[in-house]
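Quick one: the structure is below, questions incoming.
We call the chains A, B and C, going by the order they appear; numbering starts again at 1 in every chain.
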Amino acid sequence: MSQLVPLPIVLPLLGAALSVVFGRWHGFQRLVGVVCLSTSLVISIVLLVAADDTGFVVAQGGGWPAPIGISLVVDRLSAIMLVVSAIMLLAVLVYAIGQGEVERVHAGFHPTYLVLAAGVAASLLTGDLFNLFVSFEMMLAASYVLITMGGRAAQVRSGMTYVVISLVASTFFIIVLALIYSATGTINLADLSERIPELSGEVQLMFAIALLVVFGIKAGLFPLFFWLPDSYPTAPAPVTAIFAGLLTKVGVYAIIRTQTLMFPIDARPATLILVVAALTMTVGVFGAIAQDDVKRILSFHIVSQIGYMIFALGLFTVAGVAAAVFYTFNNIILKTNLLLVAGLVERRGGSSRLSEVGGMVRTAPLLGLLFALPALSLAGLPPFGGFVAKFAVFDAGAWSEQWVLVGVAAFVSLLTMYSMTKIWAGAFWGEREEEPSGRPEPGGRLGGPVLMVGSTAAVVLVGLAVMIWAAPLYAFTERAAVDLLDPSRYVEAVLGERP
Amino acid sequence: MSLLIAFVASMLVGCGTWLLLQRRLSRIIIGVGLLGHGANLLLLVSGGRRGTAPLIGVGDAADFADPLPQALALTAIVITFGVTTFLLALGFRAWQISNDDVVEDDVEDRYIARRAQIDREVADEIEAERAQAAEEDRR
Amino acid sequence: MKRLLVVDTSVRVLYHSILVLSLYFLFAGHNQPGGGFVGGLTAGAAVSFRYVAGGVDEVRKAFRLRPWTILGGGLLIAVVTAMVPIALGGSVLEHGDVEWDVPVIGVLKTTSALPFDIGVYLVVVGLILMMFEAFGDDLAVDDEYGTMGVGDALEADSVDHDLGGLTRAVDPELHTRLREPGDGRP
């Protein structure tokens, strides 16, 4: 089984190499992309089953034993994230093929996209802090190319902000790594989990906060989120969708992983996390209300939703961490879904600005349905998956008696509902107020090309599947949370039995 | 020795931060480069004292330098190199488009602000009309 | 473009010797300073000499293959080297060594890390060639026309230079639609 672990990283890289070498044959590129991502989806599912069976699947890169070599670890958290991200990557690739704009013009799209897939998988699998840095860089480097692909003026402008901010975060990551290494002499996560408690309390707290800042920039936490709503909407629609779905959540994954695994319970900055969570939720949603562009509303919602995950994590109880995990993977599905629909709306209406589109419920009713289901779920209406996720968060908050935060979260939910209604009223009901700045495309009965609508519908179905199998999935995340809160199992799985 | 390196690293990070705060991308890129150098130096210092070449050398195990930070620094240098190249390309593109490489403000933000202003003006007008109407009524 | 005799001659001398040096770095890299990345950068330095001497055409002449083919080939070699041990039942990136008893030269020892390094070497060389391909030309264009305005830049073949000419020649209508400053809103 451990032989399968590196494949979700290596296969997309192989695909990237092939689609660069044979860049002339566009059909071949498409084939390679779809085949690679489907294969790694299958492998991820196998790994998920194996990880749920035994708890951990560990592979040591280069055949070196753990603290020396590069460990790749699949536990329940990384397995579920891996499966969900593989599904999203595949769906968005099919969507991009259906859209055929940036994907058709730039032969570099497929290789870059596959490198992004490899980077995401590597960030989820790695059991080593430095490799986490390398994987992040792999993912980010691909994202820099994707976000500026096309080279329009607006893209270059927002791309600059995005690249510079990410670079500063990476540099800060290197600095933190250097400090951690000089304090402990190791960068293997499992090894760190044993050595960090030996340090003095202040040093531990400093490391915990420094890592929170590093990943907070990538995840879009409250004071550090400003780059996100500016840069994401300018990218091509499929790229925005995959960024919104995956990149920030990989940051959240890194926060969950490092805070629970590396630091003992009294060194975790729990109060800080809770305060930041409350601010992230409210500021994000207020930002969303002010906007007029569908993509920007949704981008601000990414920030707001991150707050819920961090809130649940900050409780550091089994219920809280389980809720955080559930919320995270459910949100990946919802956010990808909403931005895919936003791309379809933009294509159909010629603009993603609410004042320039309207009346889509008559012209493209299917798009309305595809938008309404995830939007209601995001707002947390029963019986959708988003309701289960939110309920889990509220429940965990109530058990920990964080009443203020539960109140804030409920209030933010209402505002989320409000801004979803705003999109609905602006894009699907009524008439458009101004002429669209782009050119509307006739979408036919479906509202868009078959592949685009089909892949969006597939993502909606995945979201509905989360609703139907909410109970077993929640039980699964609870098992994941138990593992996360007891790092000794992870350490034992990676470093082997200790006397 | 490591005090000197620490001093150099802090200088690099300081200059890099100052350059990062500029508006021109060309300066930002130099700033990012300096910042990266500072971080890499710090990574190198984190290995501890100097020593003989590890892995290939022959000698007492206690004399070897720690190879890991060197490997890490090398990897980090490669990554910084790649991303700086990309930033340069981006700056070149910006210069191609606008003959300049100043990082501009967010257009949409200004649009939203303008909408807010229009809303306010409209509200003021309505308010003024109402006041006028009330005035006339009283007469 | 005007060529200078001194530069031309010295580049002719330097180019091949630097390439040999880069190959030395590549092969020595396993247990001495050097390796694929350093070797690739050295080769890149050699190529940049050619660029200084004769512009981007000279660089194209030096390497027949297209930059992205070199880059992709390098990546392919590296990834396949990483994957072979998995197929053989080992773990990813694991390596072994081989010794050959070559008649005249003596015993040759090499490790399976070498193909990986060759892959890295090719990736770096490909990347540097791509940079020359992408940015080498436009500077010459600017010399001719002076500085370019917005319209010029959009009309000029800048699309074809994205990713080192990795853009497909599709219908120009699609190009223009993609390039419309749709979100450069008021």
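We take it that a contact is a pair of C-beta atoms (placed from the backbone, for glycine too) under 8 Å apart; a residue touches a chain by one contact, two chains touch by 3 or more.
Note that the structure is predicted; figures quoted are calculated from it, not measured.
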Checklist entry - What pattern do the touching chains form: line, ring, star, complete or other? => result complete
Checklist entry - Measuring centre to centre with C-alpha atoms, which chain is farthest from chain C? => result A
Checklist outcome for this item: Averaging C-alpha coordinates per chain, one finds the centres of chain B and chain C separated by a number of Å equal to 27
Item to check | Mean-CA-position distance for chain C and chain A (Å) | outcome: 33
Checklist entry - How many angstrom lie between the CA centroids of chain A and chain B, rounded to a whole number? => result 23
Checklist entry - Which residues of chain C are in contact with two or more other chains? => result 150, 158, 183-185
Checklist outcome for this item: Touching two or more other chains in chain B are residues 82, 93, 97-98, 107-108, 111
Checklist entry - So which bits of chain A are touching at least two other chains? => result 151, 153-154, 233
Checklist outcome for this item: Interface with chain A, chain C side, in the complex: residues 68-69, 71-73, 75-76, 78-80, 82-83, 85-86, 89-95, 150, 158-159, 162-163, 166-168, 170, 174-175, 177-185
Checklist entry - What residues on chain B touch chain A, complex-wise? => result 20, 25, 28, 32, 35-36, 38-40, 42-43, 45-48, 68-69, 72, 75-76, 79, 82-83, 86-87, 90-91, 93-94, 97-98, 103-104, 106-109, 111-112, 115-116
Next on the checklist: Looking at the complex, which residues from chain A come into contact with chain C?
Outcome noted: 2-3, 6-7, 10, 13-14, 16-23, 26, 59-63, 70, 72, 101-102, 104-108, 111, 149-154, 233-234, 351, 353, 437-439
Item to check | Residues of chain B that touch chain C when the two form their complex | outcome: 55-56, 74, 78, 82, 85, 89, 92-93, 96-99, 107-108, 111
Checklist entry - Considering the complex alone, what residue numbers of chain C touch chain B? => result 31-32, 37, 127, 131, 134-135, 138, 147-150, 153-154, 158, 183-186
